[in-house]
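Paired with chain B in one complex and with chain C in the other, chain A is shared by the two complexes that follow.
Now for the complex of A and B:
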C-alpha cells in the first residue's frame, strides 16, 4: 500500500463518474444562477410593466439610462454609498479593537468572545425591530431609548434624530449593522493574529523592539491579506443591504437603498423592467468587487 | 495546509504568559483591557437585554422612556399574546414559527446531502475543468439574489409552486448549493488522499469509497452545513418576501415579524419585543450549543479553509 499512486492517472470511468455525480448540481446552478441572470437582463431590456397593459417590446438600454436621471435611484445609490462607508469603517475599527484586546489571550476570553459573536446568529429583521424602537428621535425631556441612554451617561450632546431626518439617516442604519457584523471582523482578525508564528514576535523582542513597534512593524503587515478578505466580505454585504433597512424603517424614502428601491419598483410600481434593471446594476457593482477576489482565490487553490 | 481557522480563533495563548509576574505597566494594560472588554460587552448585550426585560413587562406597561428599566413585577402576558394572538393583536406568530421550522429542517437536510456529494467530487475526484466549475459555483453565493428574483417569482408562479411552502425549500436548496459544496469540499480536502487510495487498491468503487470511508468521517461537516443552512434559511427575509408575495398563509418567522412590527401595532412595544425574541430563540439556541460549528460555517463564506 505504500506504493505511490498518481491520483491524476485514474481510469476514465471514475473521471466521468465524478462528473456524473455533480452534473445535477451543475445544471441547476447554470439554470438558476446564470440562466435567470440572463433572463433578468432580457426583461430589463423590455418595457415589461404589469401596471400598464401595453404589448411588451424591446426598448434597448432605456431602463438603464432612465435610472441615471431617476432621482429616487440616485438618492438610493447615494444612501448606499454613505451607508457603505460608515458601515465598513465602523465595523473594521470595532472588530479590530476587539481583536487587539483579545489576541494575546486573557482570562475569560471565551466568555467575551462568545458574547461578541452572538449577534450574527440573529436576523436583521428581529434586530431591526429593536433598533426601530430604540432609535427614537424624541430628545431631552421626552427622550427614550438610545437618546435617553446617551443623556444618562453624560453624552446628551450626541442625541440625534436618527433615521427621521436625512442628515443622520444612513448613519443610524449603520449602527445596528456595525453592531451585528463586528464579531465577524473580530473572528477573522483573531485568526489572522494567531496565524502569525510566535517566533516573529520573539525575534523582534530580542532585537529590542517595543510592544508598539512589534504591532506596527511586525504584526500589522502580516494582516494585510486578512484585511483584504474583510473588505471584500463587508463590501458585498453592504451593497446587498436590504432586511436591515426594511426591519428598521420599512421602505421610507430617507433610508432607501438600491435593494429596497428594487423591491419598491417591482412590488409597488409593478414595473418589472425597471426592477430587473436596478437588480442588474447591483449585480454589476458586486461583481466588480467579488470577481477579482474569486479569481485570486482560485489561483491560490491551484497551488495547494 | 494551514491550521484550521476556528482552532486558530479559539486557541487562546494565555497559558504561556501565566508564569511571569506582571510589572506596573503591564498591570495597567491588563486592567485597561478588562475595562474595555466589559464596556463592549455591555454594548453587545444591550439589544437582547432590551428584548428580554421588555417582554416581561406585560402588554400595556412598556414605554420607550423606561426601555432599560427592569420590570417592577414579572408579567408574561406579552408572551401569550405574541404567541397566540388576541382580538387586538391578531397576528399570532405560532403558525409562522412551526411553518418555518418545517421548511427549514427539510431544506437543511437536502442541502447537506447535495453538498456532501458535490464536495466529495470537487475535492477527491477532480475532472477536467472542475476547478473552473467550482469557481463558477462560488460566484453564485455572492450574487445579490435580486438579480434572479423576478424570473424566479415568475417561474414559481407558472409552475404553481408559489402557493406552497416548498417554494422556499427549493429556493434555499438551490441557492445553498455553492456554500454547502464549498464547506464540504474544504473539509474533504483535509482528509488524506491515502485513505482514498487504500480503498482504490481494494478495488472499491467511487460510491463505495464514499459510503464506507468518507461518509463516516463527515459528521463534523454535516453539522456545520446543517447549522449554516438552518440559520440562514431561518433568518432569510428576501426569498420569503418575494416568493410568498407576503401571503399570510405562507408567512415565515421573519415575514410575520416584519408584518407585526411594521403594521399598526406600533403601540404594543412589549409584544413586539417578545415576538422578536421568540423569532430569535431557535438560532440563538443553536449558537449557544453549537457555536463552534456555527462559526465555521460563517467563516467559510470568506473562502478560507
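Now for the complex of A and C:
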C-alpha cells in the first residue's frame, strides 16, 4: 500500500520541483514584463508629467486621442511605416536571391553563409555611427562615403541627400538595416530549402517538371512557414527600431520614428503620460503582428 | 547596505536640522556630513577639469567629507537627465545636481523637488554680486532654486580672419544688413557664407533663437516668453524671413553635421561665419587652434550690446541625504574662488561680476566685460527661457522647417507658437 502511494506521489512532487525551478523566472517576468506593462497602461491614463504639472489625476484616454492630432506622432508613425516597408521588402528580396544562389550548391557555401551573416554581429548603434559617415550628403568635390564611391564608379548622377532629404530620408535609413539583416534572411531561407526532402524534387523530376517548375510549384510553397517567420521577425525589429536611427541622425525631426519620439517625450519632456501612451500604442502595433503568429505556431505544434 | 546607511545618515541629518532649525537659519549648520554626492554630466575634457578645480576648493574647506561624483557621460546630459529623473522620482535624490539655470528647472520646481535657496543668496551676498538681470531671470515667484556656476554666451559670431580678408571683409558686421552684405561677399568668393549644423536640430534652433533676438530686439524678444509678443505676429514673421535668408547662404550637407563639424568648416576656411555659443572657443583651443589667428569673434550681428546667456547651475534637491554638505558645496559654487577655479578651464565666464580676469583668455575677458554692462537675455534653446517641453517642441519645429528646405515660414511660426503653449501646459 504504502509503496503504491509513493509511486503515485512521485510525479506530483517532481512537478512541484520543476515548478520551483521555473518559479523565479515566472515571478520576475510577471513583475518586470507584464506588471510594468500594466503600470505603463495606468500611467498612460493619467496626466503625470514631471516636466510641468504638479498634481497627477486620471484623464481617461485623453493621451491617446491627443496622439491622433499630434503632428509629430503622425510624422513619426509615417516615417516608421516607410522604413518598415522598405526594410522588409529590401531584406526579403536580397536575402531570398542570395539563398537561391547558394541553394544551387555553390562551392564554399559555408563560407558565404557566415560571410553574409556576419554583419548581424555588429550592433545597430555601431553600424549607425559608420553609416552616418557613409551616407554623408555632401556632393561633388565635398563628397565622402557613398556619394564619393558613386562618383568614382561613374554613377555620380546617383548622388543624393540620403537621410537628410525630405522624402527619401527613411529609405536611406533602411539601407544599413537591409545590409545587416539580409544575411540572416539568407540563412533562414537556406535552412528552409534544406528542410525540403530531396525525394520531392526527384519525384517532380520524374514527373517531367522543369527546374523552374520545381521551384515554383514544389519548393516555394514549402517555404511559406519560413517566409512567415521572417516577416514576423523583421516586422518587430523594424517597429522597435531606435538605436539605428539615433546612431545615424540623433533625434533629428526628419528621421524621427515612434520609439525615438517615445524616448523624447519620456526623458526630455519628462511627460510620462504621453511617453507611456506612445509606448502602449507601439506595443499594440507589435502585438497585432506577433500574436497571431504565436497562436498559429502553437497550433502547429499541437498538431505534431 | 550602502542605501541603508545613506538613509540613516539622511534621517540623522534631518533630526539634526530639526534640532538646530529652531534657533538659527538652517543654512548655517556646520557641515558634519561624511559623504557628499553630486550628479553631473561633466565627465571629460575642460568640463571635467573645471569641475575638479571646484572640487579641490570644496575638499580644502571640507576635509572630512568624501566627495562622490556620480557623473554620467553624454553631451548636454542626454543620458544623465534620464538617470537623474528616475532617482528624483524614486525619492532618492543626489545631494546636488547640475542643470541649466532658468526655465529648464521649471519641472523640478513645479514638482516641489527643489529647495528654495533665496536665503543663501542673502547670506552669501550673491544677490549683490550676480547681475540683477540674471537674478531676475532665475527667480520664480520670488524664489531662487539654483546657483549658477558659469555663464556661456549664445550670441557670438565666429570667423576665420584669413578667410574674411580674402573675401574683402575688414570689420565685424554689427547689423543684420552688414551681415547679409558680408554673406554675399563670401558667396562671391565661392564659399558658403554661413556654417550650419543640422544634426539633432538644436544648432539650427540656436541660429533661429539669435535671429529672432537680432530682428526684434531684446524687449520684444523677452515678450515672446511672457506673452506680450505674439508668436504669430509680424515681429516673428520678419525674424523668420531673415532666418530663411541666412539659411540660404548655408553649406550643403548641413544635415549631417554636428556643431564641431560645422565649426571646422569655418576654421579650415571652407565657410564664412559661424553663429555658435562660446563653447566653440574652448573646443577649438583644445584642438590646438589659436584665438586671433585661426579664429576670431564678435557679438553676433544685430545683438551688439545684448548678452544672450545660458548658465550651468547646481541645485539642492528636497530630501538630499547630506544637506549640510550640499549647502557647503553650493557656497563653493557661488564663491569667487570656486567660479574662478572652474570657468577658465570650462571656457566660460564667472556669473559673478568680481571675477579675477587675469585668469581668463582674451575672448573670455571681453565676454566678462560685456557681461557687466550688456543687456542680459536668456537663451531659449539652452534652457534659460524655455522649459523642457518648450525646447523639445521648438527644436522639432525648426528641424521640420529646415529639413523641409526652409520654405514654410507660416508653418514654422505656427509650430513655434505651439511650442510656447506646450511649455505652459
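We adopt the following convention: the second predicted complex is superposed on the first by the 291 of 304 C-alpha atoms of A that agree within 3 Å, B and C clash if a C-alpha of one lies under 4 Å from a C-alpha of the other, contacts with A are read in each partner's own complex, and residues count from 1 in each chain.
Quick note on the criterion: a residue touches a chain if its C-beta (ideal position, glycine included) is under 8 Å from a C-beta of that chain, and two chains touch if they have at least 3 such contacts.
This is a predicted model, so every value here is computed, not measured.
Contact with neither chain B nor chain C is seen for A:204 once the two complexes are overlaid on the shared chain. By the touch criterion defined above, A:164 reaches chain C but does not reach chain B. When the two complexes are overlaid on their common chain A, residue A:185 makes contact with neither chain B nor chain C. Legend: residue contacts after superposition of the two complexes on their common chain; A:125 is shown touching chain B, with no touch to chain C.
Once the two complexes are laid over each other on the shared chain, residue contacts for A:250 go to chain B and to chain C alike.
By the touch criterion stated above, A:260 is placed in contact with neither chain B nor chain C. When the two structures are aligned on the shared chain, A:72 is found in touch with chain C, with no touch to chain B. Between chain B and chain C, it is B that contacts the larger number of residues in chain A. Contacts of A:137 after superposition: chain C is touched, whereas chain B is not reached.
Residue contacts after overlaying the shared chain place A:39 against chain B, while chain C stays out of touching range.
Residues 132, 136, 138, 142, 250, 266 of chain A lie in contact with chain B in one complex and with chain C in the other.
Of all the residues in chain B, the ones that touch chain A in their complex are 1-3, 5, 8-15, 17, 30, 33-34, 36-37, 40-41, 43-45, 47-48, 50-51, 63-68, 114, 117-118, 120-122, 125-128, 130-140, 142-144, 146-152, 155, 174-175, 177-178, 181, 189, 193, 196-198, 200-201, 206, 231, 234-238, 241-242, 253-254, 257-258, 261-262, 269, 272-273, 275-277, 279-280, 283-284, 286-288, 291, 294-295, 298-299, 301-304. Against chain B, in their complex, chain A makes its touches with residues 1, 5, 7, 10, 14-19, 21-22, 25-26, 28-29, 32-34, 36-37, 39-40, 43, 94, 97-98, 101-102, 104-110, 112-134, 136, 138, 142-145, 148-149, 179, 184, 187-188, 190-191, 194-195, 198, 229-230, 233, 236, 239-240, 242-243, 246-247, 250, 259, 262-263, 266, 272, 275-276, 278-280, 282-283, 286-287, 290-291, 293-295, 297-298, 301-302, 304.
Within the complex, the chain A residues that touch chain C are 49-54, 72, 75, 132, 135-139, 142, 161, 163-164, 166, 169, 249-254, 256, 264-271.
Those residues of chain C that touch chain A in the complex are listed here as 81-82, 85, 88-89, 106-108, 110-112, 198-201, 252-256, 387-389, 391-393, 395-396, 398-400, 403-405, 423-425.
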